[in-house]
Amino acid sequence: MRIGILNSGGDCPGLNAVIHGVVGAADKLGWEVVGFTDGFEGMLPPARYQLLDVNNTMGIQKLGGTILGTTNKGNFGAKVGAGNVMEVPHEIVNSARKTFDALNLEGLVIIGGDGTLTTALQLCNMGWPVVGVPKTIDNDLHATARTFGFDSAVTSVVDGLDRLQTTAGSHGRVIVLEVMGRHAGWIALHGGIAGGANAILIPEIPFDMDVVCEAVNQREKDGNNFSLIVVAEGALPEGGEQSFIQTEGAASSEYRLGGIGARVAAEIEKRTGKETRSVTLGHLQRGGSPTAFDRILGTWFGVEAVKLIEKKDFGKMVSYQSASVGAVPIEDAVNQLRLVDPEGEEVNAARSVGICMGK
Amino acid sequence: MRIGILNSGGDCPGLNAVIHGVVGAADKLGWEVVGFTDGFEGMLPPARYQLLDVNNTMGIQKLGGTILGTTNKGNFGAKVGAGNVMEVPHEIVNSARKTFDALNLEGLVIIGGDGTLTTALQLCNMGWPVVGVPKTIDNDLHATARTFGFDSAVTSVVDGLDRLQTTAGSHGRVIVLEVMGRHAGWIALHGGIAGGANAILIPEIPFDMDVVCEAVNQREKDGNNFSLIVVAEGALPEGGEQSFIQTEGAASSEYRLGGIGARVAAEIEKRTGKETRSVTLGHLQRGGSPTAFDRILGTWFGVEAVKLIEKKDFGKMVSYQSASVGAVPIEDAVNQLRLVDPEGEEVNAARSVGICMGK
Amino acid sequence: MRIGILNSGGDCPGLNAVIHGVVGAADKLGWEVVGFTDGFEGMLPPARYQLLDVNNTMGIQKLGGTILGTTNKGNFGAKVGAGNVMEVPHEIVNSARKTFDALNLEGLVIIGGDGTLTTALQLCNMGWPVVGVPKTIDNDLHATARTFGFDSAVTSVVDGLDRLQTTAGSHGRVIVLEVMGRHAGWIALHGGIAGGANAILIPEIPFDMDVVCEAVNQREKDGNNFSLIVVAEGALPEGGEQSFIQTEGAASSEYRLGGIGARVAAEIEKRTGKETRSVTLGHLQRGGSPTAFDRILGTWFGVEAVKLIEKKDFGKMVSYQSASVGAVPIEDAVNQLRLVDPEGEEVNAARSVGICMGK
Amino acid sequence: MRIGILNSGGDCPGLNAVIHGVVGAADKLGWEVVGFTDGFEGMLPPARYQLLDVNNTMGIQKLGGTILGTTNKGNFGAKVGAGNVMEVPHEIVNSARKTFDALNLEGLVIIGGDGTLTTALQLCNMGWPVVGVPKTIDNDLHATARTFGFDSAVTSVVDGLDRLQTTAGSHGRVIVLEVMGRHAGWIALHGGIAGGANAILIPEIPFDMDVVCEAVNQREKDGNNFSLIVVAEGALPEGGEQSFIQTEGAASSEYRLGGIGARVAAEIEKRTGKETRSVTLGHLQRGGSPTAFDRILGTWFGVEAVKLIEKKDFGKMVSYQSASVGAVPIEDAVNQLRLVDPEGEEVNAARSVGICMGK
C-alpha cells in the first residue's frame, strides 16, 4: 500500500515533525509514502515527488520549514467555478488525480490552513481518500485547540521582548513590537503575557489610543520609565483604519506607512512625548527549529493521520482537543500518580517513529 | 482583604509565574498578598514573609526558581499521628495557624506536589481556607493533564540530546542520557520524541536489555553508527533491580554505581561492543528561565487560584483539563476562525497581571 | 577614595559587565564608586547618581542594557564653540565639574563610542582625571580590535539567519536581512560568514547589483533554490544613493522607502524574478543578555580601567590588542601546554569581581 | 591539484567550519579535497574517504561534531619505537602513505590537539607535505591564543550556571559544577567569570578547602544564601590527591567516587553544613552547534591552512595571534573608524567560502 503527503501554504515550525510522524507510522504498517514537492503543484504533470522512508526522514523533526517545499499560491488556487462557487478548476483536479492514480496511492495526507483544507474538502467531496492536518502558525483554525508552530512563534515573540526590554529600560523608551496575527491575536496575547508586555493590542479588541497612552503614562508615574507594547498585525483602533490619524511629521524617524506597529509607535510618541521605537518581527517568527512542544504535537498529528487512513476514516482532520484551566477537589488529586500508559497514544507515537521502548 | 501564598518542595520553572498571576489578580480585587518564605517554614514563629505587590513582582514570570524560597523537608513533614495516620503534627499546624490569624489572612494559596497537597488537604479538613496549585516538573500529578515546569524540563532534555548527538555521531558512539522521572516517564518520553532519541526507557515499561541492544545493533546494520538513549531515573529492567547484573570491570571508565543511566551504558558497551557514554542531566533540567508555555500556564493557574478564593471555593486545586489528539470532520474546520474571546479567560489572565488590552 | 562611572550613547550588551568589573576592582582597593544616571546628564544639577557596591551590582554582568540608564543626546552634545571648534559648552562642563568636586571624586570612567570619547578627551584636556572604555556594537572604533557587544550582535544576526533559512528554503525565496553598520560592515561580515549568508553587502565595498543578482541566479542553476543576503544598513550601490533606481511598482509588497534591505530586495525580485522578502533586525540586535565572550571582555575592560586610575594613567582608553590569524612551526606548538597564569590578568579579573580562586 | 584533510581526537564545535573553510578556499584555487573518515584510520587500507566539494559541505559550519567522523585512539597511536622514541610505527605510516600517493595528494591538512599534532610533526619530518590546524576545546595549546570550540564550551558552562543558579537560590544551596579542563582551567575560568560563579577551582591553582568554605560562609553572612562553584576536572587540593580526605558517610547522597566536583561538594556540605549538590557537565559541553565566534574562527583557520599549502609552507600550524587587554591614548582612538579592509583576510575568508561580496 502507498499513500501520498503534501503541505501547502506558508511554512510553519513542526511541518517536518508531521512528515516524520506520517512516514514512521506508515512504515510500521509496511506502507510506502510519496511526498509531493511544493504542495499541490507537485501533483501536476510533470509530477514532482520523492519516496520518503525512515532513513531519508531521520532527524527532520528538529528542522524548521518543510523538506517537501511549499507554495503559497499556484495552479491549485480556487477560482469562481460552476454555480459561482469558489473552487479549484476541475481540469486542474483531474490532472492531479491522474498523478495520484498513476502512483497507485490509496490515501493522501494534506497539511494546510483554512484555504488548503477547503481544497481538501473539495477533493474529498470528489471522492478522494483524503485526511487533513491543520497548519496555522496563528493558532486560529476552528476545531483544533492548538496547532503546531504556534508555540515556536510565541517563543520567538518572547525572545524578541527579552531583547527589546533591555534597550527600552536603558533608554527609558517605549518599544512597539509588531507580531503576526491578521485575524486573531493569539500570538500577541500569549507572547505578550509570557514576555512581560505592558500592553497587547489584538484584532478582536479594537483599541483606544487614549487607553494605551494612559497605560504608558501611568507606568511613568509609577516609576517605570519604559513600556513594551505588542501589536498583532491585524489590530486596529476603534472606528477602524480611517480613524487612525496620519501623523504628519511624526517625531520618530522610524515611522513607516506599512505596519500598524509603526503607526501605533508614532501616535504614542506624539501623545506622550516619550521616545518610541517600533520593530517588526516578520519572518523571524515563522522560521527556525521548532520548540519541543511543536515537535511532539506535529509527530502526534502525523501518527494520527495515518491511523485515520488505516481506518479509512476519510474526510477527517486530526485535532487537538480543547484544553482549558478549571478546578478539581484537592483530595482527587493526591495520593495517585498520573503515569504513562504503556499502551497509550503517546507511547504509540514514539514506537511509530521507530523509537525502541525497551520491550 | 488579605491572602497568603507559599510554595513547598523542589523548585520548578514557572513558580514565579504563578506568584505573578496571584499577585496581579489579587491586586485587581484590591487584596493584599503575603508571601511566606521557604514554604510552610515561613509560617512558623518567627514568621518570615514579605508583602507582595505588582511592583515588587514585576517581571518575575521570566525567572526560574521562586522568589519566595522553598524547602524540601522541614517541620511541616508528615509524621505518624493519632490513629496511625501520617499527618503534620497538630502543634505545628496550630503554630502556623496563629501566624495565619495574626496576619488576618482570609485565604491561602499552596503551590506544591503530591506531598504538599496532602498537607493542604489536611489543613483544609481542619478548616483552613485553602486552594491548591499543582507543581511537579515530572507532570505526574493526577487530576491535571499538564503542570508548569514540565515543558521547560522537556526542552532541557531536547537541548541535551542536540548537544550529545553531534558527539555520538562524530565518534560512532552510544550515549545514554539519564533524565528525571522517578515514578513516571513523561519527561523521558516527550524529551526523547522531540529530541530524536533512538530508545526511551521509562518506569512504566520495565525494559529488556536484549531489546535495547538489538535496537542499537539494528541501527548499526542500517548504517547509523550511533544511538541516543534516554533513561528516566526510575526506569528498571524486567525482574527489577536485582536482575541488573553488576558489571564487573565494565569497559567504560564512566561507569558509576549511582545511576541507572551509567548502568545501562555499561551493559550496552559490554553487550554490543560499541563505545558507550552516559550523562546525567540532574539539576540542569529543573532550573533556568521557564519556557513561554510554562510562563503562560503558571500565570493562568495563579489567576485561577485567586478566582477560587474569591468564590470561597476552598479545598480545590486548579487543573489543566485533559487534552488529547482526535479527529473532526474537515468541513467543521474550515471557513470559520477560532478567535480570541475578548471576555474569555486568557484575556482575563492578561488583564489580571496588569496588561493593558487597548480598552 | 571615590571614583565615578557613566555610560553614554546607545545601549550595548556588556555595559553592565564593565560596571561590574569597575565596582569589583574598586572594592578590592577599598574605593567607593558613584554611578551617574543617564550618562553625562546625571552630572548636571540636580545630580542623579547611586552608590554602587558589590551587593547592588551582583549578577548584573548577565543583563543586557545598563543599570545606569543612558541617553543618546542631551545637554552634553558638542556645539560650535570658541575658534569654531565643536565641543561641549564650557558652562555645561563647569556645571558637571561642580558635581564631580562636590562628590569628592578622584577619577571618572567614561564608557562610550566615538562621540562620547571625544567629550572624554575634551574633559581630559581640561584637567579631568578621566579614563575611557570603548563602546560600540559596530566594532568600528579605532585603536581596539574588539569591543564588547559586537559578539552579541553577531550572534543575533546568526540566530536571525537560522530562522530565515528555513523559510527561504521551504518557499524557494531570496531573503534579505538588514543589520546594523552605518559606516562599517563588521556585523554583516561576521554574522554572514557564521550564519551561512550567500551574499554580504557592506559600506566598505560599494556593491554592483548585477553581481548580486548573478550570485542568486548561479545558486539557482546549481540546484539551490534560495539565497540569504545580509546587508549592512550603510551599504550602498556603486555610484551611490542616486544610482539606486526607485523601483516603481515593485512586485514585493514589503518594499519600503526606508531601508537599504528593502530596496535591495525589491531590485533582486525585479531582476531575477525570484520571490524576495526583507527583514530588518533593528533593535533586536542590540538588546538581550550578552554572550559569554562579551561578559568576559566587559569585565576585563572594567578591571583594567580601575588599574589605569590606580596608576593615575589618565587620558587613556582600555583596548583589546589586535588579534589576527597567522602561522607557527608545528614543533613550537606541541608538547607544551598553554596554562592559566595564576598571577595573570585573567585570574586577576576574576579575583577583582569577588570570585574566590581557591586560595 | 588535490589535497587531503582529516581530524583526529575528540570532537569539537567548529571542526566543520574548518572543513568548510578548507573546501571553499581549495575550490577557489580549482583544487579537489579528499576528506578521510575517522581520522588517520581512514588512510589505512581499505582507505575510507569522500570527495568534498562546495555542494556537499554547504551549511556544515553550523553543525557541531565533524562530518568526517573521528577517533580518539587507533592504529595511529604512538608507540615506543627505535631509540626509545614515542612515535607512530613506520609500517603504519608507510601504509597510510600508499593511500596518500595513490590519491595523488599534494598536501594534507591535519586538525588535532597535542597528540595529533605530534604525529603531524613526525609525518612532516618524514617528508609529508603537512599543515596543522590546532584543535582543543580546552584552549590549552601552546602557540595559539584561541582555539575554536572553546567559546562554545564556555557558553555551555554559562548556560549551565544560569540554570543552576535558580535552583541554588530557591533552595539556599551550594551547587558545584564540574567542567572540562584536565590540565588547564581556561573553561572554568572564563565560564565562571561570565556565568557569575562565586568560586573557581582550576588545576593551575591548587586549592585550599578552608578558603573555599570561608567564601561560602562569608556569602551567607552577607545575606546571600547560595553559592555557585565551578571546578575544572583536573583541579586538586593543595597537597594533591591524597590530601583529599575520603568523606565517609557524606551527607549528600550525590557523593560519588568519580569526580572532583562531587568530592568538593561533599567536603563543603560537611564543613559548612549547607546543603550542597554537584553536577557534571560532561559531554554536554563539547557538542551542539558552535557559537558564531567558533564558526568564524574555524572558517578562518581553514582558509589559512589552504594558503599555507598554496605557499608550500609545510610544517606550519595556523595560529590565532595573542590577544590581551591594554591601554591607548584616548586621542588615538577618536575621530577615526576601524573599517573592514576590502582586500583584508576576513573579506578574503568570506569570498573563499563562496560568499558574494557585492562585486
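Letters A, B, C and D name the chains as they come in the text, with residue numbers starting at 1 for each one.
Just so we're on the same page, contacts are C-beta pairs under 8 Å (C-beta built on N, C-alpha and C of every residue); 3 or more make two chains touch, one makes a residue touch a chain.
The chain lineup, named per UniProt: A, B, C, D = ATP-dependent 6-phosphofructokinase.
Everything numeric in this text was worked out from a predicted model, so none of it was measured.
As a whole-number value, the distance joining the C-alpha centres of chain A and chain C reads 35 Å.
If each chain is reduced to the centroid of its CA atoms, chain A and chain D end up 39 Å from each other.
Computed centre separation for the pair chain C/chain D is 27 angstrom, with centres defined by C-alpha atoms. In chain C, the residues that touch at least two other chains are 162.
If you draw each protein chain as a dot and join the dots that touch, you get one closed loop, with every dot joined to exactly two others. This structure has the following touching chain pairs: A-B, A-C, B-D, C-D.
Taken in their complex, chain D has these residues touching chain C: 55, 58-59, 61-62, 114, 117-118, 120-121, 124, 130, 132, 134, 139-146, 151, 154-155, 157-158, 162, 183-186, 189-208, 211-212, 215, 222-224, 235, 238, 291-293, 295-297, 299-301, 304, 308, 313, 315-342, 345-347, 349-350, 353-359.
Those residues of chain A whose C-beta lies close enough to touch chain C in the complex are 10-11, 13, 15, 38, 63-66, 69-72, 156, 159-160, 162-167, 169-172, 175, 225, 254, 256-258, 277, 279-280, 282-289.
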